[in-house]
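Below: a set of structures, written as structure tokens.
Two complexes, one shared chain (chain A), two partners (chain B, chain C).
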Partner chain A sequence: MTAKTTLRGWRLVLLRAWLPVTLVVLWWTLSAGSEALYFPPLQEILTTLVDEWILGPRWRDDLLPSLANFTIGFGVSVLLGTALGVLLGMSPVVRALFAPVLTFFRSLPSPALIPIVLGILGIGAGMNISLIVLGAIWPILLNTIDGVRSVDTQLREMVRSYRLTRRQVITYVILPNAGPQIFAGYRISLQIAIILIVVSEMVGATHGLGYYVLESQQLFMVTQTWVGTILLGIIGYLLTLIFLRIERRVLRWQIRMRQATGAS
Partner chain B sequence: MSQVVVNRRASGTLSRQAELTLGAVGLIGLVLLWQVASVTGLVSERVVPAPTDVAGALGRLVTTGDFWGAVWATVSITVIGMVVILLIAVPAAMAIHASRIVEHSTWFLIEFLKPIPGVALIPLALLLWGPTDGVKLFLIVFGSLWPMLTQLVYGLREIPGLALEMARVYRFGFWQRIHRITIPSVLPFTLTGLRISVTIALIIAIVTEYIVGMSGLGSLLALAQLNGVVDQAFALLLVSGLLGLAFSGAVAALSGPLLFWHPSQRERRNA
Partner chain C sequence: MADPDAAGDGGVVTDKTRTKADGIMGEQHILDLQNVGKTYSTGAVSARILDGVEFTVDRGEFVCVVGPSGAGKTTLLKCIAGLTSPTTGRTLFEGEEVTEPPAKLAVIFQDYSRSLLPWLTVAKNIELPLQKARFPAKERPDIITEALSNVGLEGKGSVYPWEMSGGMQQRAAIARGLAYQPDVLLMDEPFAAVDAQTRIDLEDLVLGMSRRLGMTVLFVTHDIDEAVYMAHRVVVLSGTPAKVARDIPVDLPDERDQVTTKNLPRYGKLRAEVFGLIQEAKHAVTRDIGMVRA
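On to the complex of A and B.
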């Protein structure tokens, strides 16, 4: 009863594919020739998507800047969050000093920062990037702190007896040990960063994918609103996929070790 | 008892009391520094108002009915959203766990929908259905359903096989099995899901209110920005943070009585 035989090959592909394919086909046929104002034919939506975003100049003028701002914002969160997390994780006094502030910002719904960030930086890339960093850095910071703290005592003592330098301790002991937990933080932050790039472009940009979607809605351009929404969906999906690939690569040794030792 | 614990503690950790004291010192120091920077004109009052001004703005806010109405609007829709999410996620997770066909058939759909940022749907939902509370609820549910669903499916998968075998040996009935084995094993995962979901739900609620101008904390933020009252924007930031703290505190408070038997909680009590 408990041991399920695992599906492989084309049967698995078929089982996984039938529902999405059916839904898309249904959408395509039911919306074909649709006159309904709010539900344009899927064919029209896809044609507009290709014309505007792939053949047209939008990928250069809107998509690339969005992706660049996202990458910078998320990258800064990762670097700064990990570095500060290691620092705070290794120093109990500094950590205790900042604990209340960290707890506050972790719980803060980051869009509440919009008026202030907009007030200081105005509309533009600086605002978009800052909003991402201010919202996405906290899960990384807190997970890194927890990961660093949980490095086990025996290991710490070993490090002491081998007289490793601080730099060696960080690169060879702390980071690999805290790795899985740090990456768990990255994953939560990635989700928040994707939300925030969309939000920040909706409220504080004059181009970009987020701006395009909201503007299309305000101008009542129904097909474009659909296009933007679908594109945001696809990009959210792809960014997550890329991240998971990188995670699996970086933590490869960890996964192998688990398999080898059977530890969970 | 606590003396013993202190002695056994590894070097490099502080006592609870020392941590609290340092935290208070850090917080007060930061506010003082901010006040000094403001008063001396190191940062412009128009960009970053002094803490005393922010406190004043907060005082004026909390005496208005509009403010409490807005807080209630945001809080209530978030709570309702969580209830709806549970109502959807629990049966869905059970179906996915029970049937391999359901699991594989929905796999791509869920993996594709999961990373879509809930806020991306705001314009389309507005276009289709207009600015109603129902739309706000839909956006919250769509955007923050996935962490809960994922955690529940994990939780169901992690039910110890031994416990299930034991249930079979003792000839547990369906409800007995649910009550004695399924619920206790899945609860920790549910609470993790709830914690992540509620964070995202609050973000989506505030963004929707901000963009659409529906009553709530988000619209107050938009108004403060429009009128250029910076001290009010800071006061609202403070309120939003406290609200977030209240929600995560509520989830943490739930885990005490619900998970009193779990190792993590027993350790905490003994510490």
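On to the complex of A and C.
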């Protein structure tokens, strides 16, 4: 709020909207009447999108299952990753016990697990969710461990000298202190989870968005492939937006402190 | 740490018997440091910080511990607070050996910005240490209001620490210590991070507060003026490892004032005495450059 211009209201909306709007208009006009196999007119793509996904049953049969798998997978990663991260961050012994295994698993590219997970769990939601968790939990876990360990020495002494209970220490000191770092982990994991829901449905599902995109491509239903891809883009964008909202709400003390003190 | 009771501090004193014992024996030191020594070892290097530190603090006393930087003042305070255990000797708090932070002892740390929680309001910061057993939820709002008014922060409960100046943050930290209703308040160079004018204000605030509430305060500082101005007694630490060089009673009128007190000839004399001891200690430190300092 210094000399920099603050952007608010319609000016901000205009500045943000010009590029997406221009791109869509360009696409619409350039693709109008297109006969090219891989570039159907945008108008056709959007009509199909509305017919199949909004008016048709696909939102129920494909979109909701995908979103449900994503939500469960990401939710489990968040809960499990944070809880285990606190546990490992607080105890050097537990950390030493598991550190080598953690390093191994986080270095393993998660799509490499597909054949094994598919073999064990077969096609279906269980496989999709497991793959998300196996891929998305690591950034959360590692960031939480780091954040938990970063409690300042004097803060530790304050906590000890005022005899705060373990529960108080976790809720009021460790978690808020690690909050920014934990959320940075969530953000990375969110992107991984979005990628993995698509990948896992491409190979291990009989419905869902990822399945739809690959299936339509293999059947040369190019318009449908475009529809699926655009939908995935929109959903990824919306999920990121929702996430940023939540992050801003939870960490608002930090944002306000930064504004008030000018510190980073 | 290993065996708190084995030391045998004249039988374990419970809350009930203590008041009785006090009555019979007349006095029991609220703090009693017996031959306190501390050696830090990291691998092959070991540093002796404290050696045979002995002094006592009585109820209602305001005692300042002074010494040159690196003399082990903070280490000593940590031993008293139960934040670290002495290598030799022991610290008694209300007759019991300190093996962990005692419930009736509060510490005010040097750096308020790292002792208050920035994600909690001032009131929440003060409330956090008030455990159910000692402070029923119903009484807490009153306790917090009173603590805030004792440090001149009326109505600042809903403010976040980082919305206040440094001096006000340290007041908030002191309010947290007060609300905790300790028998002893330990202060570790609490005014080292504030500007000179704020420092003077805070000195008078703590001084007035401690006299008004009859509090027992152990105040660690490297500032000689501050020590002599505030204390009933000044304990001078010196040497490497540090010992008590002298325990000086400050025989100035109890009512202190920045101008009149500091103009008293007696104040100048005491100040000079402490200054001399510290200078001696400093030279001793320079002589022993082979030693690792705290």
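By definition in this document, the second predicted complex is superposed on the first by the 248 of 264 C-alpha atoms of A that agree within 3 Å, B and C clash if a C-alpha of one lies under 4 Å from a C-alpha of the other, contacts with A are read in each partner's own complex, and residues count from 1 in each chain.
Keep in mind that, in the parts below, a contact is a pair of C-beta atoms (placed from the backbone, for glycine too) under 8 Å apart; a residue touches a chain by one contact, two chains touch by 3 or more.
Predicted model only: the values in this text are computed from it and were never measured.
Looking at the superposition, the partner that touches the larger set of chain A residues, chain B or chain C, turns out to be B. Look at A:98: by the touch rule set out above, it reaches chain B but stays clear of chain C.
When both complexes are overlaid on chain A, the residue A:232 reaches chain B alone and has no touch with chain C. Legend: residue contacts after superposition of the two complexes on their common chain; A:242 is shown touching neither chain B nor chain C.
In the superposition on chain A, A:155 contacts chain C only, with no contact to chain B.
Within the superposed three-chain model, A:15 lies in touch with chain B and out of touch with chain C [touch as defined at top]. Using the contact criterion defined above for the overlaid structures, shared-chain residue A:217 touches chain B, although it does not reach chain C.
Within the complex formed with chain A, the chain B residues making contact are 10, 12-14, 18-19, 22-27, 29-30, 47-48, 100-101, 104-109, 111-124, 126-128, 161, 164, 196, 199-200, 202-207, 210-211, 217-218, 221-222, 224-225, 228, 230, 233-234, 236-237, 240-241, 243-245, 247-248.
Residue ranges on chain C touching chain A, taken from their complex, read 78, 81-83, 101, 103, 105-107, 109-111, 114-115, 117-120, 128-129, 131, 160, 162-163, 176, 180. For chain A in complex with chain B, the touching residues are 2, 4, 7, 12, 15-20, 23, 38, 92-93, 96-101, 103-116, 118-120, 153, 156, 188, 191-192, 194-195, 198-199, 202-203, 210, 213-214, 216-218, 220, 222, 225-226, 228-229, 232-233, 236-237, 239-240. Chain A makes touch with chain C in their complex at residues 152, 154-155, 157-158, 160-165, 168, 172-173, 176-177, 179, 253-254, 256-257, 260-261.
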